[in-house]
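I have a structure I would like to understand better, so I am pasting it below and will then ask my questions one at a time.
By written order: A, B and C. Residues from 1 in each chain.
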Amino acid sequence: MANVLRNSAKFGFSGVLSQLSIHSRHGRECVSPCFSLQQRNSSTSPKIKVDLDNSTGVAVLRMQSPPVNSLSLDFLTEFCINLEKLEMDKSCRGLIITSTLSKVFSAGLDIMEMYGKSPERCGEFWKAVQEMWLKLYGSNMATIAAINGSSPAGGCLMSIGCDYRIMADNPRYSIGLNETQLGIVAPFWFKDTLVNTVGNRAAELSLELGLLYSAPDALKIGLVDQLVPEDQVLSTAQDTMSKWLAVPDHARQITKSMMRKQTIDKLLSNREADITNFVSFITKDSIQRSLRMYLEMLKSRKA
Amino acid sequence: MANVLRNSAKFGFSGVLSQLSIHSRHGRECVSPCFSLQQRNSSTSPKIKVDLDNSTGVAVLRMQSPPVNSLSLDFLTEFCINLEKLEMDKSCRGLIITSTLSKVFSAGLDIMEMYGKSPERCGEFWKAVQEMWLKLYGSNMATIAAINGSSPAGGCLMSIGCDYRIMADNPRYSIGLNETQLGIVAPFWFKDTLVNTVGNRAAELSLELGLLYSAPDALKIGLVDQLVPEDQVLSTAQDTMSKWLAVPDHARQITKSMMRKQTIDKLLSNREADITNFVSFITKDSIQRSLRMYLEMLKSRKA
Amino acid sequence: MANVLRNSAKFGFSGVLSQLSIHSRHGRECVSPCFSLQQRNSSTSPKIKVDLDNSTGVAVLRMQSPPVNSLSLDFLTEFCINLEKLEMDKSCRGLIITSTLSKVFSAGLDIMEMYGKSPERCGEFWKAVQEMWLKLYGSNMATIAAINGSSPAGGCLMSIGCDYRIMADNPRYSIGLNETQLGIVAPFWFKDTLVNTVGNRAAELSLELGLLYSAPDALKIGLVDQLVPEDQVLSTAQDTMSKWLAVPDHARQITKSMMRKQTIDKLLSNREADITNFVSFITKDSIQRSLRMYLEMLKSRKA
């Protein structure tokens, strides 16, 4: 993790949070930022690469937006378009999500989408975050997160939106909804997804303290389903997917919907209020001040 | 399990499913059918034997319908009549459910009740399945499942309808709601009961993949409460029951109702819709075709 | 535990329950009373001592009402007044609750508040129990229970009302909602709090049998978060609190409210009905007879 932080500091991924250290009952925690700062460039190269194997019906979606796969509006839009295409493609039955970057799966929401932006733009951004989760958590495909690096905040949300999580067995990689650490509150549907995954009490502890779990600790609380050596994350995801696809699609899909529909409907019927809520929170002077301090910290690190 | 499958193949218990193999995070899984085919005969011998010990207030209900205690309409009717009698009998405070058959507790719903039957008959059958669960999950008696063999699908539902589960410590015996494997969807009240027992995430994984758990794996996820050597399943159930009966009935019953009422009420207020839903699903051409293929597979095995 | 029972018998803490022994799947259980009998005196010395460290913002609330910190109306009133004061005090951000007594955290509700009292008085008492839980479970402060002794029934409720539980690593100390053992039913909000803490199934088993868990067993099911040697309970609570207070208050408080609001609102909107229900139950002849027998048992022990 230290390496990730050091490298990413050049680009903006790092943090005021390094001074914080939270001790969970499962052992040591290292704290990562939950927002990341993406290097600005005008590149039009795709942030996401999708390979669909028609013989198996399995698509691999690779996030390839250096340095840390920040979830910017552009990234999320591209992600959702790809997801929608695959969802419509009857030859695609399974989706594996992974990262081409070293040491990081995704560092979460892009801080630049929330700092100094108009309420309209903030609202557009938040709608895209909602859309990513709605599409993923409710996907008809079997979805597996092949988590080959750290995955804080929005990266964790993406992971727990899948059906199954395989993580690199590296204690330096961490995962969790750590928003609280930054003074930000994970919205109710982040919370609901986490409760559905690890149960009420682990979710409560995790969210109140903004805990990041090392890969072994994440396995202990059920935040991920399986740990494998780093170079076997993708191949294990492929093997696991073949078992998921041995189950009749129709029955699996109805069952999945039965398990998740209530949680999804709750956001669907509160979507506008959730956007309003986010915008009014993030555009507060106090929050903007926090974000500026955070950004200045990142800049001084870069210098 | 292989032996069970081999033996039962003579009678119809077996499967197209033997080709499927699901690997759970808790290790190997063997897959059993969730529907069973009962040998047809005109026997009027009871499928269930009940012994009530008036000195202890404990009844032992033995399922004795070879080859695999399939839950046919006749079986379920007899089961419910017995349960109701015991419920009305003030001298009966505790109920232990077990099987007289070797290697199987109950193989679940009888496939013949669902193949080539009129919608009316299918509806009657489903109502009986509902009734079994309603009576068991809401029983005022302390109920213990003494699971002395495999217990897939409907057999698992019966088990998790009890207050406590003691299973034979034999890795060849398996238990689980494996309906999805057959292209069938466990209805919401199967799902709710499973969630109440093992939590949301284990239930989701279990239902989406139609997992059967070996006895040791079932203990790990809390699908059963205790494993004991096969020849001690019933005696341990008796010992455990005496501890349950040391608790004042009145307080235990109100507490049980407080824990389970919401789940029971959900079916009670959707009972007709649930029947309609089942009948319209099971009488679909595609589902009937699957069942016919399954039956032909069973017949060719028998030949 | 045996020692606690023996010592406390002099004062009234003990029980008809010593004849009961419940075996949980986690090993041996010893059974303690869930109601306690407080020594009557006219002392006006405070039952609770609060020390607020203004440099850290952490208050330590010490329960010091011998012999067993019974939750009488006076005790609860004093507790709530102190809690409210701290809640209003902006310099106080964290609260640690512990006991000055040897071997007991709190023995729970005072039986004398429920025996031979008018319905009005019973209602007043129950309202105070509700108030204690409402204030604690919904507190804006970070709250840690430093459980340095046994903590049955109401003592357990107080513990699970906090954000975090550290218990003395002594197998003779036990904790649990054991009301059922006495023929009493834990009300829905006791149940909801327990479900939120240990999950549905562990709560069901625990409440139906009225289980008390030894400290190690309590850790296994997640009823407490951490065990430490007895002489380190308070210091560990202080260390842990500093980690909780490293999290921005505002985000932690909103998150806590998001996790607990629904459970709290359920009591708030049923508060009068819950009081009526308690009063009508506790003033029943049969329940009063049970309480009298229990009291006589305690008196004969004292003699």
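Operating definition for what follows: a contact is a pair of C-beta atoms (placed from the backbone, for glycine too) under 8 Å apart; a residue touches a chain by one contact, two chains touch by 3 or more.
To keep track of the chains, here are their UniProt names: A, B, C = Enoyl-CoA delta isomerase 1, mitochondrial.
Computed from a predicted structure; not experimentally measured.
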- Message: Given that subunit A and subunit B are copies and touch, would you call their interface same or different according to whether over half of its residue numbers are shared?
- Response: different
- Note on the structure: Turning subunit A onto subunit C by a C-alpha fit takes a rotation, in degrees to the nearest 5, of 120
- Message: Measuring centre to centre with CA averages, how many angstrom lie between subunit A and subunit B?
- Response: 39
- Task: For subunit C, jot down the residues that touch at least 2 other chains.
- Result: 199
- Where on subunit B does subunit A make contact in their complex? 20-23, 25, 179-186, 188, 191, 199-201, 203-205, 207-210
- Query: Of all residues in subunit C, which touch subunit A in the complex?
  - Reply: 163-164, 195-199, 222, 225-226, 240, 243-244, 246-248, 250-252, 254-256, 258-260
